[in-house]
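Note that subunit A is present in both complexes that follow, paired respectively with subunit B and with subunit C.
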Partner chain A sequence: MLRDKRQEYLTALVLVGPFIIIYGALFVWPTIQMVMLSFTDAPLIGPGEWVGLENYFKILSHRLFHAAFWNTAYFVVLTVVPNTLVSLAIAMAVNRLKGWQQSLVLAAFFLPYILPVSVVFLTWNWIIDVQYGLIQWLVRPFNGGEPISLTRTIPLFMPTVAFVTIWWTLGFNVLLFIAGLRNISPEIYEAAALDSAGRWRQFARITWPLIWPVTALVLTIQLIAQLKIFDQVYLFSIGGRQDATIVLVQYIYKLAFQQNRGGEGATAAVLLFAMIIVLSVLQYQLLRARGEK
Partner chain B sequence: MLDLGGLVLSAVTIAFALLAFFPLYWAIITSFKSDTEVIASGLSLWPQRPTLDSYIHIWERTNITQWYINSMVTSVLITAGVVISSAGCAYALSQLDFPGRRLIYVLILACFMVPMQALIVNHFVLMAQFKLLNTWAGIILPQLIVPVVIIVYKQFFDSVPKEFREAAMMDSAGHFKILFRIYLPMNWGVTAALSIITFIGAWNAFLWPFLAATGEATMTVPVGITQVKDAYGIVYAKLMASAVLAGLPVAVLYLIFQRRVTQAVMLSAGVKG
Partner chain C sequence: MNKSLKRLALASTAFLALASGAVAQQTVVWWDFLGGGDGVRMKSLIDQFNQEHQGEIQIEATTLEWGSPYYTKLQTSAAIGEGPDIATYHLSRMPLAVDSGTLAEISDEDMESVGLSDASYTEAAANAAKVDDTRYGVPFDQHGLILFYNKDMLEEAGMLDENGLPTGLDGMENFEAALEQFTTDGMYGLSMPTGDRYRMVYSLFGQQGGTMYDEAAGGFFPTDEDLEKLSTATETMARWVENGWTPQQIESPAALALFTSGQSPFFLMGNWEVPTFTDLAERGEMFEWGAVEVPVLFDQPAAWSDSHAFVIPANAGAEADPEKRAAVMEVIKWMNENSLDWAGAGHLPAYNEVRQSAEFQEMKPQSVYAGFADTAVFDPRTTLAGPAAPLGDAWNNYIVPATSGEMEPADAAAQMRDDLNSQL
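What follows is the complex of A and B.
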């Protein structure tokens, strides 16, 4: 029996070994190193002096950090709730369709989600192009007939990128909502129809409450994902005034990779890290509180 | 009984779907237009004289062949690495009793909360220390961390009836045999779904490959196509051709395995809650 136990431990070690090596070297170790680096004045590559909390004070009072924080928050506001609501509406509409119509419509909404960010960027950059973009047909009348660069005009930058992001990512949420809607038993709707409840009452009294857990899940996933935003904001801001539209991950990138301040970059990363953990835990508690009711 | 409201709703849905698909359609047809036709004003929904010039240009004048090789090799290796190590680890977590089991599970869950984007600085430092920047290994390694795959596997392994394992144990089959002969074959569908979604994720990755591969020769397709520029004028036809080439592999994969992809998305989302 003892031999069996030893055998089992050995098997477990072999099976878990690759995982331990990968996660140890590429997850646990970099995380520890990130925290240590944040207390030094090291460049991106190479050693640095221990400076204690200096980086933290410096960054928390850095004007650009504040800009990055508020831009990220603004982006979250522009994407999370609108994306969730639009996805729910689309999911309900798609769910009504049948057969090949449903597959085709779902594919149209989902296809953008599986494309690389640079494809999404190039496609939309062409559509909004200031000279020849299709969107100019829509925006010119609002600007006295003059074309507008949607990504070079700073107040329009975030809404434009948020719009593209919603178009790009809503397919994922639509799928989750469809899964949720299919879990609602049809008998409930039949009962409601017998009581001659209208479409709106059915939605308010049945669909919305029963779909709430999925809604909460979608909101959480969205919130965490959008706090980590980088790719599309970076791509659309190339050649523009990047500091005005900077987001948090871009701020980390700027400090560490463009200004060669590894220590400060790590500090900004620790701050982002802390923000995401706090928000995840808060969200989780909220979800659980609602789930237990 | 004619449900007029329902009919209108269906029509509106289909109209919206067409609108949502239109940007991709526009990118595709633009890639078949000539440069002069692209800047000719007006909405021409079909190329007047379809041409492959832009594709030939991209194929001949950029490193796209090399980028394709880089993307293929790294994405396939990431997928294989993630799926194999995750299946083994999930089997151990699900079926074996060993010290440190709980700790490992907590570590995997912690991984969900940690933004990989926050680790870019230290991944870069680590890869630089081992001289792995601008190599396939440097692009691959940090992308091997996909905790969802382990958790989905564990959930499925947990639900395999114990009798199967006990019967195999009677025949004195070892754990490896049980994993490869029973647990994995019973869950081929899950493996297929997870592999496709991991591959798509690896192919699409932008931030890390963008940092790890700075030389044109080691770039992946999604990073490389952002480098396609021309010295003068509007080159949208060429840019759209590069975009189509970058999106093609994942789009084809999705269209072939549509049901598996949607299944994988639902599986992995179920885990996050």
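What follows is the complex of A and C.
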């Protein structure tokens, strides 16, 4: 049967058109604007003079940019893989439960995820408070009986915020993993059990390989999200030494909104944008390659 | 003369309204950042204004998040003509505001139309509202660092005079002896949030007569002596921390709780905490308390201070029409005249008539510490100054860690100077 190609193109256009228009107007165009802005000395609002690559040289040699880069990298290391592993462990445990018990436990893990960041911050700020915080009961023995401020002691800042972030966001990953685990047919485990495969062997040879695509997805989503970390770090650092714990998005915010340097802010944003694209594509390709082995 | 001008203005507004055939009610869109105890009082002032001006002017108020979010939103909204008709602003941030083109000029004629002039305010406040001799704000209050104290504890220690005021706190030796005396197991001589220590350091810097900024002399901390004075002020605070007289690390809510729970006789804080204690006392949940000016520990009285003001955003492409502007000026005048209620929030009214009135003199503890208005040290006049600006970041990045023993005070002072000068 002959098909009317033009008719098909039209249908496709009608279906995809609205998305392309919105995507173009709200993502592609602003991105182009951002790149163009990074070559000017514009303030936060309004146009500026063309300065070529000057902003790039300036930002790349800026001490604070280096601090922001390494802090962000450190935060990624502290969160991405731990969050994924903890989520997988919880998902496997929850998957063993049945019926209402499973729903209840799953809801308990998912609940923090729907909290706004401000609520998470206020709650944890009291829990870790150096004078009155509950957590001080756990911390004191490690500090000779003295309380210790987890967010004002610079080496402890990132691990603390990373811990809170994992607590806050793992619910969503658990859901993804559970969906993945349910996709594995029970017959495979049955067959493995008949061949007298133990728990560990079942996990290593069946669960882990079959759940790998979901794991790759979770890792990639996590990487992108944590490279863009801002809210928690900003909130926990208010009133503290912000420069010592600054992350990349915070650096952009500081340049653009606090120091009124739109051009330099855009430059830092372009650099972060490029970093995210390169790293996430690289990571996803590597993970996929491993999965197909 | 002011009166007749006022009448003339009123008459001409009325005439215009008649001529255009519409007595439209003006809506004044208002933004502020007053979220604490003072915010409650501001809301009741706004309600009162709206009741008194029904059918004429109505204020539509929104309270936004204090600090960077507020100032950023004001700047960006003004740039696209979507800003409010009137907003609150810190006078210390005035140079930055003008530099970023956020504010519209408030001319002498605007002021005269409602019977105001520079002479209605202290010279310092009137000047702080101007940048390069152009007025961009109308002062509303002056607020600053004061010393709250627990009367019960001081009485027990025999440190109260017959008027209920603390004695024997002036001079470094006396003050430190008092801190030492009250510091026992679980008790601290002094409570104050770690992040707010810069206010006291700046006060101590001012008490030594230090200059923070002098454009002509080369920027921040122009001489080595100024830098030394900053180190000395920082060392003082670091010593209090090291001796355990004040907690090494403590957040604002916990510092407040330390004082209100009777674990510390002194609380160094801004006067905006006055309503918190007044309200607690009304509910019977507070001991007898008082507040005085920051004691003189060095050569001269000085305390960190700033000022809330009213500004008119320069809404690009949507400049206020004359009637709107008249309504805004009416709001400003009314708020000034009723700033006695605002003094309930602990602030000192900037408007001379109110601050010098008998009613204000009767307000306690406001009138007790009102003297700081004359000896206050404001932030320097530079685009880096003000709340949520680079100067505040520099305090937090260098001086505060130096007070907790994480940096050497002299190094911290030098690094702060270099960092700020590199941003000029």
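Criterion: the second predicted complex is superposed on the first by the 260 of 293 C-alpha atoms of A that agree within 3 Å, B and C clash if a C-alpha of one lies under 4 Å from a C-alpha of the other, contacts with A are read in each partner's own complex, and residues count from 1 in each chain.
The definition used in the following text is that a residue touches a chain if its C-beta (ideal position, glycine included) is under 8 Å from a C-beta of that chain, and two chains touch if they have at least 3 such contacts.
It should be emphasised that the depicted structure is a prediction, and the values quoted were computed from it without experimental measurement.
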- Using the superposition on subunit A, decide if subunit B and subunit C clash or fit. clash
- Message: Quick check for you: in the superposed arrangement, does A:F257 touch first (subunit B), second (subunit C), both or neither?
- Response: both
- Looking at the overlay, does A:V77 come into contact with subunit B only (first), subunit C only (second), both, or neither? neither
- Per the overlay, which chain contacts more subunit A residues, subunit B or subunit C? B
- Would you check which partner chain A:A193 touches, where first means subunit B only, second means subunit C only, and both and neither mean what they say? neither
- Check the residue A:Q131 against both partner chains and state whether it touches subunit B (first), subunit C (second), both, or neither. both
- A:I114 contacts which: subunit B (first), subunit C (second), both, neither? first
- Task: Could you look at A:I45 and tell me whether it touches subunit B, subunit C, both or neither (first, second, both, neither)?
- Result: both
- Message: With both complexes superposed on chain A, which partner does A:L85 reach: first (subunit B), second (subunit C), both or neither?
- Response: neither
- Between subunit B (first) and subunit C (second), which, if any, makes contact with A:L286: first, second, both or neither? neither
- Task: With the two complexes superposed on chain A, say which partner A:L104 touches: subunit B (first), subunit C (second), both, or neither.
- Result: first
- Would you indicate which of the stretches 45-53, 63-71, 369-377 or 405-413 belonging to subunit C has clashing C-alpha atoms with subunit B? 63-71
- Message: Quick check on my understanding: which residues of subunit A belong to both its subunit B contact set and its subunit C contact set?
- Response: 44-45, 125-126, 129, 131-132, 253, 257
- Quick one: which bits of subunit C touch subunit A in the complex? Just the residue numbers, please. 68, 72, 75-76, 79-80, 96, 99-101, 193-196, 247-254, 257-258, 388-390, 393, 396-397, 400-401, 404, 406, 423
- subunit A - residues contacting subunit C, complex: 43-46, 125-126, 129-132, 148-149, 152-154, 238-244, 253-254, 257-260
- subunit A touches which residues of subunit B in the complex? 5-6, 9-10, 12-14, 16-18, 20-21, 23-24, 26-27, 30, 38-39, 41, 43, 81, 84-86, 88-89, 91-93, 96-99, 101, 104, 107-108, 111-115, 117-126, 128, 141-142, 144-145, 150, 174-176, 179, 200, 203-204, 206-207, 211, 221-223, 225-226, 234, 236, 239-240, 242-243, 246-247, 250-251, 253-255, 258, 261-262, 265-266, 269, 272-273
- Message: Quick check on the complex: what are the subunit A residues that touch subunit B?
- Response: 8-9, 11-16, 18-20, 22-23, 25-31, 33-34, 37, 44-45, 90, 93-94, 96-97, 101, 103-112, 114-119, 121-127, 129, 131-132, 134, 137, 167, 172, 175-176, 179, 199, 213, 217, 220-221, 224, 227-228, 230-231, 235, 249, 252-253, 256-257, 262, 265-266, 269-270, 272-273, 276-277, 280, 287
